[in-house]
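Next come two complexes, and both contain chain A; in the first it sits with chain B, in the second with chain C.
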Partner chain A sequence: MALPSASLLAQSILSGLFIGALYGLLGLGLSLSWGLLRQINLAHFALAFLGAYLCYQLSSVGGMDPLATMLVIVPGFFGIGVALQWVFSRFRISPFNSLLVTFGLTVIIESVIQSLWTADFRRLNSSYGDITFRIGALYVPLPELLTLVLSLVMSLAIWATLRHTDLGRAMRAAAQDGGIATAFGVNQKGLALLLSGVCAALAGVAGVCIALSYTLAPAQIYAWIGVVFAAVMLGGLGRALGPLIAGIVIGVSESITMAITAPSWAPLVSFSLLIVVLLVRPGKV
Partner chain B sequence: MTRGFAAILIAGGGLAVIPLAGLPPFYESFLYLVFHWIVLATSWNIFSGYSGYFSFGHGAFFGAGMYTTAYLASRFEVPFLSTLPVAAGVAMLLGGTLGAIVFRVREIRGELFALVTLAFTFVVGTIVLNTPIDGGPGIYLSAVPVPAIGPTGASSFYYMGLVLALGTVLVALVVFHSRLGAGLFAVHDDEDVAEVLGVPTYRYKIAAFSLSCGLAGVAGGIQALFLSYVTAGETFSIIVPLTVVLMCVLGGTRHWAGPVVGAAAITSLLYAFTAGNHPVAGKAVFGAVLIVVILFMPEGLLGRLPKRRMVGAYELGTPTNGAIATGSALPVGHPSPTRELLLDVRGLRKAFRGVQALDGVDIEIRRGEILGLLGPNGSGKSTFINLVSGHFRPDAGKIRFDGRNLAVLEAHAVARSGIARTYQIPRPFAHLTVRENVATAAMFGSANLARAAAVRDAHHWLEFTDLASFANALPDDLNLHQRKFLELARALSSRPRLLLLDEVLSGLTPTEIDGAVDLIRAIRDQGTTIVFVEHVMRAVMALTDRIVVLNHGQVIADGNAAEIMESAEVVSAYLGYSGTYA
Partner chain C sequence: MNRIVRQFAAGVAVLASVFAFCTAAAWGAAGDPPIRIGSTLALTGPLAATALVHQLTGEIYVEQLNRRGGLLGRPVEWIVKDDQSKPELARTLYEQLITVDKVELLLGPYATGAILSAMGVAQRYNKMLVHHTFGIPNLAKYDAQFPTWSLGPDPATTFPNTLFDALASTSKPPKSIAIVTSKFPSVHFMSLGAREVAKKRGLSEVIFLEWEFGNRDFGPIAARIKDANPDVLWVGAIGLEGNQLLDAMKKIDYAPKFHFYMYPAPGPMVQATEAKNALAATIFEQDPPFTSNPGAAEFVKIFNERAAKAGLPYTGVETQAAASYSAWQVLEAAVTATKSLDDKVLADWLRKNRVDTVQGKLRFDGPNNYGDDLMRVKQVQNGRWVTVWPKAYAAPGAALVLP
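== the complex of A and B ==
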C-alpha cells in the first residue's frame, strides 16, 4: 500500500471528478423522478444504455457526429418518458411497484439491445475520443470533459428551473401534495408527463456521454445501478445539484481508493459511505 | 394450517419417488433448480414478504452461504454436508448483525431498507473479492465429492434441494400461523401501531430476518457445489434479489405458498426459453410477465387467499353474547373512582427541536376514574399520550404505572403492562380484516392470548362495539364512525387497565357521539381507568370524573368540571382574555 506520487494522485482525483460527473448525470433523472414523481425508475439505466447504443449506431454506421445524435435521441427519449408516466399514472403504481415494473422494462430493453447489437463489446470510434488536453502534468481527455460540462449544465439548468421559475415551483408543490396543488390550479398530470419526459431525455444525454467514453455491453446496465443509487441517496431525493455533488464525492473517493489500494476495493468506499450516511442521518435523504 | 401441512407432506412424498422412475438426469437437475429458487424465494418471503421490509440483500446472504461452503470444502476439505450448518450459521449471523444495527434506526424502512441491504451486498462482495476468501479468480469445487444421497449425482442434488425446499416451506407455513407471523403482518401495515399494541417489533424483525438469511445460506452452500465454480461478481449482484422479489410478487407475498408458485413458474419459463435456444427472448418474456403481473395483479396469484386466514380458527369457538350484557371479559374493578393511584406522572418533559411540548407535567390518575385531558391545540395532550404509551421517550420525568417506571420501557412492554390507546385519526392495519385487527391486539397486548383464543375474543369486542357484521371486511370498507370504533375494539381487546382515548369522538355526528358516550361509560363500569382527550365538551361534561387542563405543555387546572369552567386561567387559555373579571 505505497503512497502514490503527487501527480498520480492529482490525475486520480481528476478522473474521479470525471466519473463522478457521469454518476451525477445518470443520477439526476433518477433523483428527479424518485423525489418529485415518487417513482424508482430502474429502467433509467437501461434507457441510458439504449441511448448509448443509438449514439454508437447513428455515428459509426450512420455517420453522424456523436454529439449531433442528441438531436434525435433527446426528443425520442422524451416521448418514451411521457409514455412511461402515462402508464404509471393510469395504473396508480406505488413507488415500490414502480421499481419492479421498471426492472421488467430494464430486462426487456436489455434483450432488445442484445438481439440488435449482440452481447459483444462495442466501442464508438469518434473524432473526439483521440483528443486529450494537457494541463501541466495532468491529462484531460475531451470525452470526459464533455461529460463534466454536460452534467454541470444540465444540473444547473434544472436547479434554476425548479428554484426560480413558476413551472419549477408548481412541480415542487405537486410533488409535496398533488391534491392540494391541483386545487390551486396546478396541472399535476401535465407536469408529471413533462418531468418524466425530461428524466428520460436526461438518460439519453447520459447515454451519449457513456458512448463517448466507455466500451458498451448489454450486461453493463447493471454495473452502474448500485453506485448511482448511492449518489442519488447521498445527494438527497428530488434535488438537482445533489446527485452531481454526491457523485463527485463518490467518484473522487473511489479514485483515491484505487490509487492507494487496488481498483477492486473501490465499491467498498461508496457503499460503506451510503450505509453510514443512511444509519447516521436517515432523515436527510 | 393442517391443510397446508398435509399439502406439503403429500407434495414431498410424491416428489421423493421421482428419481426412482429412471428419468434422464436432465429432469432432476431442472427440478433441483426449481427447488433452489423455491428456497430462495420462500426464505426471502418469511421476512420481507410478511413484514414488508423488502430486502435487496438476499444475494449477500445466499453468497455468504455459498462462499462458506466453497471455502471450507475446497481449502480445508471439510466434508460437504458438514459445511451446510456453518453456511447457515454464517448467513444468519451476518443477517442478524445487520438487522440489529439497521432496525435501530426508525427511518430505515421501505426503499431505504432495500437500498441499505443492496449496498450491504456490494460491501460483502467487495470484501470477499479482495480477501483470501476468494482473492479474485473465484473458487473451484470440482474436487469436492458430491455426497451419495441418491443413485446418481443429479439425484443427490435433487434430494438435497427437495429436503431443503420442503423444510423452508414448512418453516414459512409455521411462521405464517404463529405469533411471529401475526406480528410481522402487523409490522407490514403500520409498524408504530404494532409496537404500541405490544408487538416486540425489533426482536421479531431480527428473528425473522436471521431465519430468512440462514435458509438462504444453506441454499447457497448447495448451489456452490452444484455450480462447482463460484465467483464474487456473479454471486453478489442485484440479479439474485430482483429475481427473488419478482417470484414472490408474482406468487403473492402475503401467502406462505405464494413464492413456491412464483418460483416454479418463473424457473420453468426461463428454462423453457433457454432449452429452446431463445435465452434472449426468454429474458424479454420474463420482463413482460413482471410488468403485466404488477399492473394487473399487484397482489400476486395467491393474493386473494389470505383474507380467509383466521376464519377457521374462529369457527372453533362458541360465539359469545354482547359484552355489555355479560361484561365478563374485562377485569372486574371498582365501579366508582377510588383514591388509589394507578398512574403517577412527575415532572414529565419532552421537546421537539426546540418546541417544548411538555414542560414539567405532574398528573395523577386514580384507579377507576375517567380523567378528561383538555387544552387548546398544541397544548401537549397528544404528546402526553405518546409518552405514556411509550411511542416517544420523555426527556425527563417519571411515569409510574402500578409501581413500574414506564419511562424506561419500550412501547411494546408498556402495552404488555396494561396500557392501550386509540389514535385520533384511526390507524387500522389496512391489509388485515377487522377481526384480525382486533385479534392482533388481543394476542400482543396485556391480554396475551394465544391466536385461536384471540380470534374468539375479537368477536366479543366486535359485538361490544357493534362491528360484528364487519368482521371479515377490510378497514377501508368502514366509515369514519366504524373506524373509530374499530380503534376502540382494538384497544379494549388487549384488556388494558388504563385506556388512553385520543379524540375518539371528533368528526362523529351527535347521535354517534351519544352511542360512543354510552360505550365509554360501559367500559369504565367494567373497571378500566380512562384518560379521555376530547374537544366535544358535552361528552366531557357527561363522562369525566375529573379534568386536567394543559396549556403550552403545563398543567393549568385540575379539578371537577365546575371548578375548571370557572378557572380564569382556563378561560384565558381558550379565549385569549388575560384580564380579570371584575
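== the complex of A and C ==
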C-alpha cells in the first residue's frame, strides 16, 4: 500500500471536515429532539430534504438567492415543528411510538416531494457552486465552507443558549424531570413547542446546505439516516456540540480511510466507531 | 288470413333473430376483454427516477398499440404495480399478477435485482418474460426470458473493447488508465472486465478503487484520481455517482482527460458543465441512424413531448427508453407472428426469429438468449449526448472529441 501524498491527505481531511459538518448539522436537530423532547424524529431527514427542494424551487424558479431562501424556509419549518409537537403532545405519543409515527411521516413527505418534483434528479445551479478558494495546495469549495460555518454557528448558538440562558436551563430541567420543572414554574408545554420548532428550523437550514452541494432525489432521504444516527449517538443525546464533533470525527475518519485504503471500507467507519465507544465508554452514549 | 299473419310473424321473428344474432356478435367483438399485460416498476424508492422513463414509454406504446387495433384484435391493458425499488416486493407482485390479476403476458420490471426476482416467478409458472434492463447476462438462466437491452452475452469483455477501440482510433491513444467503480453489481462486473481488457491491450493501470453504492463523499476519491492523473478514467458509476465524482473533481480543479461513465443519469450529466466530453455507453440516441429504425422517429417525438409535460428535467430518448420500447416491440412482434398468447409458443418463436426494434434488430439465439452487443459510445458535446463510436453509428457530423 503506497502512502498518499501530503496534499492528497490534507485535501481528503478537508473533504471529511466538510461532510462531517453536514452530519453535525443534520444531527443537531435530531439530537435535541431525542435528548430533550424524548422524540426519535425520523421525519427530521424528510424535513431536511423538503427544505432542500424548497430551496431549489425558490431559487431556480423564484429567482431567490439560495441563502436568502432561509428567510422563508426557517420560519415556515419552525411552524411545522410547532404543529408536530402539538400533535405529539395532544396524542401523548411515547418515544418508541414517535419513531413509528415519524417514519410514517417521512414516507408521506417523500411521496409529497415525489408528486411535486417527480422522482427525477434535481440540481440547484447557483453562483456559489462555482466558487472555490485556494489555500496553498488545498481547494475550499464555497458551498461546503458555508455548511461548515452554518453548522458551527448553529451548534455554538444552541450550546450557549442551553448552557448560559434561563431558557436553556429551563429546557434542560424540563427534559430531566418535567414534573419538578413545572413545579418551579417552567412552562413545559411552551418550551416543547419552541424546541420542536427550532429542531424543524434546523432541518430547514440543513436542507439549504444539502441543496447547495448535492443533487436531489426523494429517496436520498434515507441515505443519511444511518451515519447521522451514529453521529448523534456518539455525540450524546441532547448535546448541542456533540453531533458536530462526532460528525467531524466520522467524516474525517471516513475520508482518511478512503485516501489510504479502498474507499469501500469507509462506510464501516461510523458504526465501528460507535461500537468501540459503546464498548469502551457505555455510559457516555 | 291467420296463416298469412302467422307466416308474416314467423318471418319477422326470423329476421329479428338474425338481427339480434348479428348485433350480439358485433357487440361481442367490440366487447372482447382486453389482453392484460402485467409488470411492476420502481415507481417509488431509489430507482424511481429511471423507472419514470419506463412508465412513460409503456404508456406511449400501449396507446399506439391500441390505436393500431391492439393485439389479435383485442385491446391491450397494461397493469403496472409499484415494486418500490424492492426486488423482494417485485417477486410478490409478479406472483399476484399471475395468480390474482391473471394477466396473459408479462413484461419485466426495472433493474437487474427486480428482474431476477420476476424471472424466478415467471419460471415457476412457465410464463415468458420479456425484460428491458437486466445488467448481468450470465445470471439470466431461464430459457423463456428475453432481454431487450442488447448487451450481448459477455458485455464485460465486448464493451470495454468497443470503448478502447474508440480511444485507440484517436491521434492521442491513451497509455494509462484509472479504473474507479461502484460495487453496484451491474457496473462492478463491467469494471472488472474493463480491468482485464485494459491489461490485455497494454494500458497501464495507475489506480483501481472501489466504493460502496450510496457513497456520499467523493472528495478523497477525486483527490486520488488527480494524484494518479491517468490518460483515461473509467468510472464504473450508476445513476448520480458519475455526477458526484465529477463534482468532487471540479472542486479540486481537476478535469480528467478521457473520462468514461458506465451508466450515468443522462440528464444531470449532460447538464453539468464539468461533464464536457464525458463518454458513456448507449444503445440509442435520438439522432440518425437510430431514428431511422422502425418506430423510432415517432416514438422520439411523442416521448419528448410527454416527458416535457410530465416535468422530467431530461426529455430525450436514450438507452432506458429505447430498451423499454424495444421490449414492447418484441412482445408485439411475437404475438402478431404466432397469433398466440401461449407463452411456450411465443418463447419458441422468439428464440428462432429476429425482431426489428428502435435500437436495431434483436436476436435471442445466443447464450442465455442474448444476441449481439449493440452498445455504442456516446459523448457530451455542446450540452447534448451524441453517439461517436462506432463511426457507422455516429450522429451526423459528430466525432470523438479529444481532451
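Some notes on this structure:
The rule we apply is simple: the second predicted complex is superposed on the first by the 284 of 285 C-alpha atoms of A that agree within 3 Å, B and C clash if a C-alpha of one lies under 4 Å from a C-alpha of the other, contacts with A are read in each partner's own complex, and residues count from 1 in each chain.
Simple rule for what comes next: contacts are C-beta pairs under 8 Å (C-beta built on N, C-alpha and C of every residue); 3 or more make two chains touch, one makes a residue touch a chain.
Here the structure is a predicted model, which means the values were calculated and not measured.
Applying the stated contact rule after C-alpha superposition, one finds that A:E254 touches chain C and leaves chain B untouched.
Within the superposed three-chain model, A:S264 lies in touch with chain B and with chain C [touch as defined at top]. Shared-chain residue A:T215: touches chain C; no touch with chain B. Once the two complexes are laid over each other on the shared chain, residue contacts for A:M64 go to neither chain B nor chain C.
In the superposition on chain A, no contact is made by A:V277 with either chain B or chain C.
Look at A:Y139: by the touch rule set out above, it reaches chain C but stays clear of chain B.
Touch criterion met: A:L8 reaches chain C, while chain B stays clear of it. Of the two partner chains placed around the shared chain by superposition, chain C is the only one that A:F121 touches, whereas chain B remains out of contact.
Once chain A of one complex is fitted onto chain A of the other, the partner contacts of A:L105 are limited to chain B, with no touch recorded for chain C. 110-111, 114, 222, 262, 264, 266-267 are the residues of chain A that lie in the contact sets of both chain B and chain C, per the superposition on chain A.
Only residues 40, 87, 91, 93-97, 99-101, 103-108, 110-112, 114-115, 222, 225-226, 229-230, 233, 262, 264-268, 271-272, 274-275, 278-279, 282-283, 285 of chain A touch chain B when the two sit together in their complex. Across the complex, chain C meets chain A through its residues 43-49, 51-52, 85, 183, 209-212, 214-217, 219-221, 223-224, 226-227, 240, 243-244, 248, 251-253, 265, 267-268, 271-272, 310-314. Residue ranges of chain A in contact with chain C, taken from their complex: 4-5, 7-8, 11-12, 14-16, 18-19, 110-111, 114, 117-123, 132, 134, 139, 141, 144, 214-215, 217-220, 222-224, 227, 251, 254-256, 258-259, 262-264, 266-267. Those residues of chain B lying in contact with chain A across their complex are 54, 101-102, 105-108, 110-112, 114-116, 118-120, 122-123, 125-127, 129-130, 136, 237-239, 242, 245-246, 249, 280-281, 283-284, 286-291, 294-295, 298.
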